[in-house]
Amino acid sequence: MNYTISTIAPIFLLPFFAFVLNCIFIKKIPKIVPWVSVAGIVGSFFFALAVFCDFMSVYNTDYYIHKIFNWIDLSHGENVFKINLGIYIDNMTAIMLLMVTGVASLIHIFSTWYMKGDVRWERFFVYLSLFTSAMLGLVLSDNLLSIFMFWEMMGFCSYSLIGFYFEKEEAGNASLKAFMTTRVGDVFFLLGILAIWAVVGSVDIPSIYAAIAEGAFEGKSVFGIALASFAGFCIFCGTIGKSAQFPLQVWLPDAMMGPTPCSALIHAATMVAAGVYLSLRMYPLMYVGELNTMIAYIGGITAFGAATIALIQKDLKAVLAYSTISQLGYMVLGIGVGAYNAAFMHLVTHAIFKACLFLSAGSVIHSYHDKYMPNMGGLKKKLPYTWIAMWCCTLAIAGVPFFSGFVSKDRILGDALFMLYTNNAFFIPAILGFVGAFLTPFYMFRMMFLTFHGKNRDKDKYDHCHKEKLTWNQNVPLLILSVFTLGVFFSGSLTGQGIIKVVSPEGKDWFKVLVEAPVQTNLEKFEGRKKQIFSFIDDRDKTPLPQTNYEHQSGFAGPGYDINSEEAYNDLHHAHVEGAILSVIIVAFSILLAFGMYIFGWISPSFFYDKLSFWVKAIKNKYFMDWLYIDVFIKKGLLKLNNFLSWFDSGIYDRYAIDGWAKVNKVIFKASHWFDRVVVDSVAVDGTAVGTEIFSLVTKSVQSGYIQKYLIALVGAIVALAMFLGF
Amino acid sequence: MFANILFSVSSLLVISSCILMMWTKNLMHSCVYLLGVLIGVAGLYLTLGADFVAATQIMVYVGGVVILMLFAVMLTGGKDYQSQTQKILNLFPSMGNKYTFMWGVGVAFVFGCTLIYFFRNLFSVIKVIESDDSYTPTIERLGELLVTDHLVAFEISSVLLLGALVGAAIIARPRKERPAFIDDIVDDHHHDEEHH
Amino acid sequence: MISLKAYLFVSMILMVTGLVVMISRKNIVAILLGIELILNSAALNFVAYSKYAANNLDGHIFSLFIIVIAAAEAAVGLAIVIRFFQVKETIHIDEASELREELTR
Amino acid sequence: MENTIAGYFLSFAPVQHLADSLGVGFTSFLIFFAFCTLFLVILATVGGFGTIAERKISADLQARIGPNRVGPYGLFQLIADGIKMISKEDIMPRSADKFLYYLAPFLSLFGVVCTIAVMPFSKNLILTDLNVGVFYAIAISSLVGVGIFLGGYASNSKWSLLGGMRGASQIISYEIPVTLTIMMIVLIAGGLSFNTLVAEQAGMPWNWYIFHNPFTFIGFFVFFISTLAETNRAPFDLPEAESELVSGYHTEYTGIRFGLFALAEYIEIFVVSAVSVSLFLGGYHIPFGLLEGTFSNEILQFGSLFLKTCALYYVVIWVRWTFPRLRVDQLMSICWKYLTPIAIFNLVGTAIWIVAFDGRSMFDLFFGSGVH
């Protein structure tokens, strides 16, 4: 395949052009706006598919495409200042592109059903196109600067989409909250970019990799902290903000105020995925900066805490929102424990089943006209297709074997267990992860039971709800997505542990082979690489890359432990098998508990409410995080500070400094006015005018206006000139 | 041989035509004498081997400029005006006065002498190339020169012509009369004032 | 062989005649006629020098451009004349004095 | 000398003997003189026959008989007319501008007759093959407009003046589409001389420039319509519109001066038709190159050109007696709003065609370069 402007740019540009066109169409011909958006993203999907197929056909870890073009060139003489934009596509990008475009296409299609007839529903597609194009741009970008630009573009889009129903005050507040909370992370991210710039002198990803491989970060520090740690931490803060990790997770539940398809997009394919994607990209930096423990802690806490909050939610979408936070916590945990491959896999699988879950939830809410689970129940008969799709996804997210969630989550947990064996510091995150794995099936099954099973609890709405028919834009997207919740697509084997091999490229676990952590041993390929200019002509070197032997790349082992040794490999294998068995047992218990509580009625939920009342109170208040931020930080702290500053500004600065200066000016003005009137105006200006007038009286007689006089003068002048020159 | 005959005829035509043009009172005749001058100059170009320039001269001047002049004379009446101003310009009589010819000859003499004197050294400076009378076609070389060395001037002259075309059309177009409804409005206004 | 001076003589006569016409006549069209004469004399000089002094075709190019400019000038000039006639009902050159301030003060 | 008729005849042995005794210059002069006279006579005869043709063809179109008294089929009518015109009194209006009144018909005829200097009657029967031939022809024929205008002005009559003004403005305007169309052909042929223009059209009719590409096909009709207007022929005969202006610019002319105007008009039609034939319809070429290299070939070529020109002449007359006359504003709008833009479009289109297909004709493209 040729990697040129015409084959790569459409992936990003088709949705973007759809956005631009829609901006024009929305006033004149709003009818076609949704279809332009759908056409844009579906076209983009096919281009992404072409890229993916190319990478699958090459099937090599070391294969990547990096092409640049000059964006800004302010070089002058020897001072080189160039900003290059470009594309960087490796295996991860290719998979990500396919996932984003595919999921976004289905969400677009679903939206044409869900949003039809809604207020401003055409405008929704405008935002959707821009959102998708921003995410695709971010994925394609080769440098942190353009990643940051697209990152901010997504921030804006999420702001617009969350506040889509801006008539509602909560929606407006939620959008503001999302925007402001992610802003905290963005500031750190920018700081991280600057730190990297300071060391590497460039912000494109291969350069950073090469610099890390050369050891450019060694021995450098800022504020007494190692610079790699500082930069890595700052960039990880961006992830915390965008992917709703522990301290900054408060915005994501509120993001439910937007329309459900946009929630699907934010929670699955784009917004939160971007944060984890960034951390995965900057993985070597975290590695060098030794931030793994912190990352693992944050991931574990998030995974566990969000899962507990999800247990008692009544809103259908809120359960899904907290489950999103929890699953994102797993991804971050995966990054922390060195399960790079598994974390990315979980990103992809989670995107697919979470998109499907949200779309299903949208289908339920739109059909049932209610979003509170206590009012639902027994919807299985009314919404059979949605029920099937949602069960598939539930099984996947719960980590039931043969489904994708099991494959990916288990690998994370397996690595966590391995780290637990080798390094004591990872004890708490690993345990939190396993506890979260216990809670996940429970709250998801609870949601399913409350929604679809049992008796209905609101007869009016139930009767009002039409029986679902198979329509191409309502439930066909759900069913398509639910097919991909099977683990076989991702693992190459049914369980992901190499027990049952199923056909995959070369009979191997393709995901594991292709996505390889960029650690020291394979970063060396970036050293001394040649930059390719992104052009209309493919100037790629056609020679095939050497095949590398696949070895498992584990992350951070404890000191004195050789991770490449035979012993380590065996340990890892054992840990994975143990982890798998352990999590299957945990999931089984969890499901049993859910059945017992909601179907068979062995245990009443109120039993737990009574026993753990303090805990439940904390959960109900979302661990007091909102209270902490809004009431303590903002109302007690920032507002006070603002009042003080305002008083200082108006009372002190304005009154004394500015007004006083005005009085001084007044005096100066009077003096200069006198000078201007008397000296300048009367003497200089009028005097000059009179002088000019007198002079003009003499000279203007020459300008008689008779052309023939001029002509005579011209002839005379020529004669005189000739005489002067000649005689 | 042919060239000499052509030169004699052409220069005779040029000189006689331009003297007649200066002489005659009738502007229409003046224009026709100008035609003679132009054709004569075209003949002189031919003796110099400038075939394309000669053809262009006839094409542009005879087919365009002279007819325009004739039009202009006809549309404006072609009167021969007398001088209106006092003082110095009266010394330069307009056509028809008996002094005209004297003045013409006088100015011609002074100016011609000056020019000759001014350029007298030029003839020694210029090395006159004694080329033979053989005739070489110029048109291909002219074409090449126009689109290579003189391309900018060529393009600018095209812009100039376009500007002249549009400008002439706009300038000569009669101004629109004031629309009738404006008068009505003004009248209404007056009526209102009278009522008050 | 005709000498260069012969051409220059013809050209000089054209030039002087044009000058006389321009100075002595009061009709704007007549003045334009005089301008045409002067332009022709210049063009003739260019072609003559091109043959006798330079032996290249630059003079031809120049005279072509002179012809072009003369055509443009005639078109615009005559349009102005006709417009002038519409306004003033005369084309006396001395009537074109709207922009002149009177000398009295 | 090489491109002139004198050069051609000097290659014949008897003429060379004459040149040896009389000198080359004088012999050339004699040849030129002879052929100028010959062509002038031929053209005058053609012009005279033009009047007869006009009358006979119009009679035919209107189911009349036409002149039939003088000679067989009334063919000697032109001699009778000529004698009448010469012998009639030459009247001049009292208030006419004498000088211009006398000058005008001669200017008109001068402009027409000068064009025969470059008329390609055959490969060598061309007085001089100037390398600016076609340009010269356009340039010198614009004198006709001056003649018409001066004639109209000098008569000092309202009819004549209006006719003269119309004629001049019409001729100036229609020169633009004519020139642009000729430029199109010049682009294809790559030269301005008539022999260059005709050279590529040798052989069968599909080599004619009218079939070279779609633009030339349109261009031929643009050219034909514009030349009708240039020669003041119906439906563009506004300068002499009988129903409005009595007889237009030659209302006041009588006798031989009127005859000169009429002759100029009919010769101009012939000349313009010949130019059309040379530019678009293969010129003097005959198929298969019969008798090539001999003097008979020249005669055949002359016949070929004459035949085609007469056919076109017939069409011109046919048009005159078929179509009604246009109004002045229609005339101008046809020129400036239709013909000129079409001509510019044709010019650009032909240029693109030449670049795109390497100057090959349509037929060449379809049937390959082997067929000629």
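All chains are identified by letter, namely A, B, C and D, in their written order; residue positions are counted from 1 within each chain.
Assume a residue touches a chain if its C-beta (ideal position, glycine included) is under 8 Å from a C-beta of that chain, and two chains touch if they have at least 3 such contacts.
Given the structure is predicted, the values throughout are model-derived calculations rather than measurements.
S.K.: Name whichever of B-D and A-B has more C-beta pairs touching across its two chains.
M.R.: B-D
S.K.: For which chain is the distance between its Cα centroid and the global protein Cα centroid smallest?
M.R.: A
S.K.: Where the centres are mean C-alpha positions, what is the separation of chain A from chain B, in Å?
M.R.: Chain centroid spacing, chain A to chain B, equals 75 Å.
S.K.: Compute the distance, rounded to whole Å, between the mean C-alpha positions of chain C and chain D.
M.R.: 34
S.K.: On a C-alpha centroid basis, what's the spacing between chain B and chain D, in Å?
M.R.: 30
S.K.: How many angstrom between the C-alpha centroids of chain C and chain B?
M.R.: 5
S.K.: For chain D, which residues are shared contacts with two or more other chains?
M.R.: none
S.K.: Residue numbers in chain C touching 2 or more other chains?
M.R.: 19, 23, 93-94
S.K.: Would you mind listing the residues of chain A that make contact with two or more other chains?
M.R.: 706, 708, 712, 715
S.K.: Strictly by the criterion at the top, what is the full list of touching chain pairs?
M.R.: Result for touching pairs of chains: A-B, A-C, B-C, B-D.
S.K.: Where on chain D does chain B make contact in their complex?
M.R.: It is residues 25, 97, 99-100, 103, 130-132, 135-136, 138-140, 142-143, 145-146, 149-150, 153, 161, 165, 168-169, 171-172, 175, 192 of chain D that touch chain B.
S.K.: List the residues on chain C that touch chain B in their complex, please.
M.R.: Listed in rising order, the residues are 1-7, 10, 12-21, 23-27, 29-30, 32-33, 36-37, 40, 43-44, 47-53, 55, 57-58, 60-61, 63-65, 67-76, 78-83, 85-86, 90-95.
S.K.: Looking at the complex, which residues from chain C come into contact with chain A?
M.R.: Residues of chain C touching chain A: 19, 22-23, 31, 93-94, 96-97, 99-101, 103, 105.
S.K.: Quick check on the complex: what are the chain A residues that touch chain C?
M.R.: Residue positions touching the partner: 697, 700-701, 703-708, 711-712, 715.
S.K.: Along chain B, where are the residues that touch chain A in the complex?
M.R.: 85, 88-89, 92, 107, 110-111, 114-115, 117-118, 120
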